[in-house]
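Look at the two complexes coming up: chain A is in both, with chain B in one and chain C in the other.
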Partner chain A sequence: MLIFTLRRLNLFIFTMLVLTLLSFSLSFLFPGDPVINLSGQLNSTEQQLAVINQSYRMQDNIIWQYFAYIQHIIQGDFGLSMSSQSPVIDEIMILLPATIELSLVALLIAMFTGIPLGFIAAIKHNKTSDNIILSVAMFGYSIPVFWLGLLAILFFSIGLGWLPSAGRISLLFEIEMVTGIQFFDILMSNSPDKWQAFQDATAHIILPACVVALAPATIFVRLARASMIEVLETSYIRAVKAKGLSFQQIIFRHALRNALIKIIRHVGLQFANLVTIAMVTEVIFSWPGIGRWLIESIYQRDYTAIQSGLLVLSCFIFIVHILTDFIYAALNPLARGNKHGS
Partner chain B sequence: MILNKVITTTGVGLLKYSALVVIILLLCACGDSNKLSLSQRSIIYCSEGSPETFNPQLVTSGTTIDATSHQLYDRLITYKGKENILSPALAKSWHVTKDGKKITFYLRQDVAFHQTDYFTPSRKLTADDVLFSFSRIIDKEHPYHHISGGHYPFFQSVEFGNLIEKIEKINDYTIRFQLKHADSTFLANLATDFAIILSQEYAEQLALKKKEHDIDLHPIGTGPFKLKEYHIGSFIRYYRHDDYWQDQAKIEQLVYDISPSKTSRLTKLLAKECDVSSYPIAHGKIKERQDLELDSVTALNIGYFGFNTKKAPFNNKLVRLAVSLAINKQALIDTVYQGQAEMANSIIPKSSWAYDDSIQMQEYNPIQAKALLEVAGLAQGFTMDIWAMPVQRSYNPNAVTMAKLIQADLKEIGITVNIISYEWTTFLRKLAQGEHQTFLLGWYADHPDPDNFFSPMLSCSATETGNNRTFWCNKEYDALLQQALQTNNIKKRKSYYAAAMKVINEELPLLPIAHSKRYQARDKAVKGKILADFGGISFYQVYKESPTQNPEESENEGSSNNLNVEAKH
Partner chain C sequence: MNLLDIRNLSIELETTNQNILAVDRVSLSMKEGEVRGLVGESGSGKSLLAQAIIGVLEDKWHVHADRFHWRGIDLLRLDIEERKNILCRDIAMIFQEPMASLDPTTTIGEQLAEAIDSKQLSGFFWQKQQQRKEAVIRLLHKVGIKKHIQCMKSYPHQLTEAICQRVMIAIALASRPVLLIADEPTAAMESTNQGQIFRLLASLNQLKNMSILLISHDLENITHWTNTITVMYSGQFVEAGTTEQIFNKPLHPYTKALVDSSPKANLQLPSKSRLMTLPGSIPILQHLPIGCRLGPRCPRAQRACVEAPKVQNFHGHKVSCHFSLKDTY
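Then we have the complex of A and B:
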């Protein structure tokens, strides 16, 4: 287990090095002065500029510059956003939890609908219900997310008026930000309208989360189906069948757990996909998350925000991958032998 | 075996179903509170942009006025009723001497300022506050004059500084304005959205802390609402001012949801995320809906096509006339305003008392236009720029489309047009610097006095403050305006203004296009007047009608049903 952990740590550090190298080189590839791109200080005086040059070691060669950049990042200094002139790290700390919240809720929805449906399809292998589930999943997978988002707004917000179309919570509620995850913040706040706020936040997250969840859910359906079919064909299932266990016992005691293990790994891998979908969805639903902020930064040529945002986001996804690797290893003793990360 | 399968599938189904029930419960578990819910006590207004400042003295932009003037502040006097009669506000009465030069205001003694997180007032409104508010504008030596730039565009355009001899505090609740000469619009100007009263005590406290700039960013006023928080580009939150000197506002919270995109405002309105929306699109769709209402007022405004008379070739009257003749105004009104506007023959609307019926409509005559161009020596045509404003205003809902239509019209007489647009603040700055040739812009009246059209838009003094972007300066026109201001005789004033309109139509520094209606869409449950005939909106009288008892009861039933469903699990 120690070697397993060390290997993952090793992988993490090297990937981070490559990521920072990429993000560092972006500041040279973007138009303009690299040190301004790095620090985001637009309207600085001569003296300020000299201080910045000093702190980023611009007078030394490029390797020292890179180390200076790494030093800044480790200290949590990602520079100033060019458009708002406030520290990028502060903005990210406000926005990233919103994206995590949306992605997590979407992931839960995708898991709790996709995996059971996949199992049902596998149990009913080659029957009508299997075919229906598979074709619906295929159809769902092919729908582009921006189109689905707009359609959902048109149908549920404008047409039926059931669910709100924009934002995280109605502006009427004043919720102080503590954790950044809005549901926790609402529960922790001492506002008299707490429950109204909670309902409102729930209503706000349903549409975007469902839209984000659709594509991963269809993937989970197919993964769950494939892994369940595989498990059901193994000899130990045949053995318990021969022993006369009831169908329920076979599925819940033996098949389900073995099938789930295979899916857990993919849940982590799907998370990256999910965050990408969430970025587009955030724009459509005006969700104040990091995806929308990154896309706006591209419009505003906010280079500091783009490079730090990419770094933080990819770092976050990478951490999620490593975490799922650990969970997988904890659940599946066979995987602990895998010395190499994947 | 088959039975078992059925049980498993229903088992899985039930699991999911219970998750759904939980969500439904969360959504429906309301309705049992005795007091009105938060949304019943609040209004969300989808506004079209962020205010530049919270002090209306500093701006002329409609968005800022809408967000601040009638929400945060009061004026000494105000307009009331259909006839827009000047009535008491912070001043309970006033007295004008016979020569019209001395005006004394007697203030109310029970006017409280806002108490907020950043300021606690120790006293009520006194003459000091009035003195401070106006000295800041007219006294260039005043410590607060240059805070926030030192530009007071409205007051500079009406030459407030030259008009007021001095302002005297007689006692704590009496203040006297001494004018250099009688001016019939002085009182009207004091009742505009711009002439608001600030707190002198707050200014003193800020000066001690060396935070003078906060006076326009964290406002303190006497109005029906006070500022709670503001996030640029996102929202403004106002709370009710509980010690308001009139009856309290009926709503407790007022939120401006800043949504610059027209479609997103419409979506939010339809999805009930905002109660009131500014400048709605898709009027047909809104009228179709039973639960929405479309309000409109024929606003005192003008959308026009202006020429920079200091730049060739528009320094030539003939060229201006030729271009005007070649533009099909009816087509502009049908396309850009969708017919929701009145064609303008002069800069003031027909509804104003000063409008002269003998003013003739500019005709559409490309042949004559071509002839005029020949006379001007430009028969082969030329290339010009049209600066189209980048924002939508009721006086011009889509300047870029209008510019394109004009482009097509002018092509007929051999003029090539380039359309130019900048971001709004850059646009205004560059216009003020005179970098343009022609431009599409407009003007809202701040008060119903006709002088509010003539002076700020086209007088010589307005060329300096930047509101007269045609840079047209005509001695005869200015003299007429002066004469009109010096008399209180309506008939005489009307004849002066008629002459002034004639000068404009002969010289044509700008081509008046349309007087639009201002629209606003709201939920049917929202009652009370929001739109004013002129100037900014006000939420003071607005409230939400509580829903009838029946739907609430059925909602309760619905939630108890859900409880039963859960209990069965």
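Then we have the complex of A and C:
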């Protein structure tokens, strides 16, 4: 298990190095002076510019420049945002937790609806319920997310008035930001009406999270269905049937775990897709997340923000990948333990 | 009274064009405490027959039978649930590939424990866990696995093929079956392990009076262990009789060819000469010959062979051939 962890950590470090290489090269590819693109200091005097040049080692060759850039990143210095002239890292620390919260809730919704539905479809293979689930999944997969978001607002917020249409929480509640994840902050705060705040935050997240979750959930339905059908045809399931176990015992003791193993890695892969959908949804629901901020910085040609936003988002996606790898290893005895010759 | 009595069992495969009769009216009967061999080339429907008996065939196969009696109970009259209960209680099966027949994500100990019927355990529910574990250890010892602690903790991929097969046998024994169906239990195994598995099955037969249906493609290999043998060819019944009858006086041309093709039966053959074989190869399922399916390859075939022959019985030695070799002996 230690070796498994070290391998994943190793992979993480090298992927991050490649990503920093990419974001470093972006500063040369964007129009303008590379140093200004890296630091974001637009209105600096001659002396300040000299200091920045010194700290990014612009007089040395490109390899030293890259190391200087890495040093800055490790210290948490992503430069100043070109549009607001405040440190990018501060903005990210406020915005990223909101995106994490939204995308993780959406992922959970997608997993807890999509995977069981797929399993049910596989168990009722070639029956009416299978066809219904499959066609609904196909339909859900084909709906564009921006249109669905607007439709959801129109129907649930304006038409029925059940759920709020924008923001993370009502302005009435004053919650001190500690972790950035709203639900944790509410639970940790000692305000007297923290349960109302919790309910309000829940009401705010339901609509955007469901909109984000729809497309991944439909993919999970199809993945889960395919893997369950495959597992139910294997000879160990036939052997278990011959053992005389009931159908529920077969499904819950043997089929479920083997089918989950086949899809858990795809869940990690789908997460990148989900974050992309979340970025669009954040714009529609005015969710104060990093996706909306990133799209706005693209409009404003805020090169520093684009660079560091990409770096941070891909880092986050990669961490989720590693986490799914750990879940995979926990479920699959073949993946853990020492392997030889592979 | 026969333990198992099957008459005219057919298995049909439903395809888009036409239905293929993979197993064509095969009869099989077994007595208590008997070891019967079921022999045929690969693709002759032996495994299908076994899976149809225990009822684990996929939905695309359709099974019909004129008679299906188990210890005097007419199973065709019972509904599916009752039939399944009776069969799972009394019949156990060992599958061809032991490694693939064990759940790869569950430990051997758990897989064995769940095969033990809770009716076998006495005592209160807090004692049952312990009793179950003891029963698992006993079963492992019974099939000759001494390192039970290690074995129970390991997953199937950590064990060798032969040990997996022993575990499969232990799982099959857990329900204390009356009949054990062993579907090529030693396929893909070294000959030393093969011997061990066969000896284990033979001792179970002797000590527990457990009947065994031993399925194999290798006639010569199983003759040491069987009392009676049924031969199949391309989904049709060929011949059934005691091992001596089949080996010494085969009545069907196909059985004769099978026996003659083994080196042991040809000891008088000069060295470096070819062994006897039938011309041609086994027909594919899409193009089965009408009548007797051996027809195109049979040395004794005549015009009458385009109609399927009726089974003839010579003192318990059954053969399905128009021109049996009865008169040549």
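Basically, the second predicted complex is superposed on the first by the 326 of 342 C-alpha atoms of A that agree within 3 Å, B and C clash if a C-alpha of one lies under 4 Å from a C-alpha of the other, contacts with A are read in each partner's own complex, and residues count from 1 in each chain.
As a working rule, a contact is a pair of C-beta atoms (placed from the backbone, for glycine too) under 8 Å apart; a residue touches a chain by one contact, two chains touch by 3 or more.
Remember, predicted model here, so these are calculated numbers, not experimental data.
A.B. asks: Based on the shared chain A superposition, would you classify chain B and chain C as clashing or fitting together?
C.D. replies: Fit - chain B and chain C, as placed by superposing on chain A, sit side by side.
A.B. asks: Which partner, chain B or chain C, touches the larger number of chain A residues?
C.D. replies: Chain A has more residues touched by B than by the other partner.
A.B. asks: Should A:Glu233 be classified as contacting the first partner (chain B), the second (chain C), both, or neither?
C.D. replies: Touch partner of A:Glu233: chain C, not chain B.
A.B. asks: Using the touch definition from the top, say if A:Ser55 reaches chain B (first), chain C (second), both or neither.
C.D. replies: neither
A.B. asks: Looking at the overlay, does A:Ala242 come into contact with chain B only (first), chain C only (second), both, or neither?
C.D. replies: A:Ala242 sits against chain C, while chain B stays out of touch.
A.B. asks: Considering only the touch criterion stated at the top, classify A:Leu334 as touching first (chain B), second (chain C), both, or neither.
C.D. replies: Second partner only, chain C.
A.B. asks: Which partner does A:Trp195 reach: the first (chain B), the second (chain C), both, or neither?
C.D. replies: In the superposed model, A:Trp195 contacts chain B only, not chain C.
A.B. asks: Look at A:Glu174 in the shared chain and tell me whether it touches chain B only, chain C only, both, or neither; answer first, second, both or neither.
C.D. replies: first
A.B. asks: Pick one for A:Thr113: touches chain B only (first), chain C only (second), both, or neither.
C.D. replies: It touches chain B, and chain C stays clear.
A.B. asks: May I ask you to decide whether A:Ala203 touches chain B, chain C, both, or neither, giving the answer as first, second, both or neither?
C.D. replies: After superposing on A, A:Ala203 lies in contact with chain B but is clear of chain C.
A.B. asks: Quick test of understanding: once the structures are aligned on A, what is the angle at the Cα centre of chain A formed with chain B and chain C, as a multiple of 10 degrees?
C.D. replies: An angle of 150 degrees, rounded.
A.B. asks: To be precise, I mean the smallest distance between any C-alpha of chain B and any C-alpha of chain C in the superposed model; what is it in Å?
C.D. replies: Nearest C-alpha pair, chain B versus chain C: 7 Å apart.
A.B. asks: Can you check the complex and tell me which residues of chain B touch chain A?
C.D. replies: For this pair, the touching residues of chain B are 1, 4-5, 7-9, 12, 15-16, 19, 23, 26-27, 29-30, 37-39, 42, 44, 228-229, 235, 237, 253, 255, 257, 264, 267-268, 270-273.
A.B. asks: In the complex, go through chain A and note every residue touching chain C.
C.D. replies: 233-236, 238-245, 249, 253-254, 257-258, 261, 331-334
A.B. asks: Mind pulling up the chain C residues that touch chain A in the complex?
C.D. replies: For chain C paired with chain A, touching residues are 51, 54, 56, 58, 84-85, 88-89, 92-93, 95-97, 100-106, 114-115, 117, 155, 157, 168, 171, 175.
A.B. asks: Mind pulling up the chain A residues that touch chain B in the complex?
C.D. replies: Residue positions touching the partner: 112-113, 116, 119-120, 123, 153, 157-158, 161, 163-167, 170-174, 193, 195-196, 198-199, 202-203, 206, 246-248, 251-252, 286.
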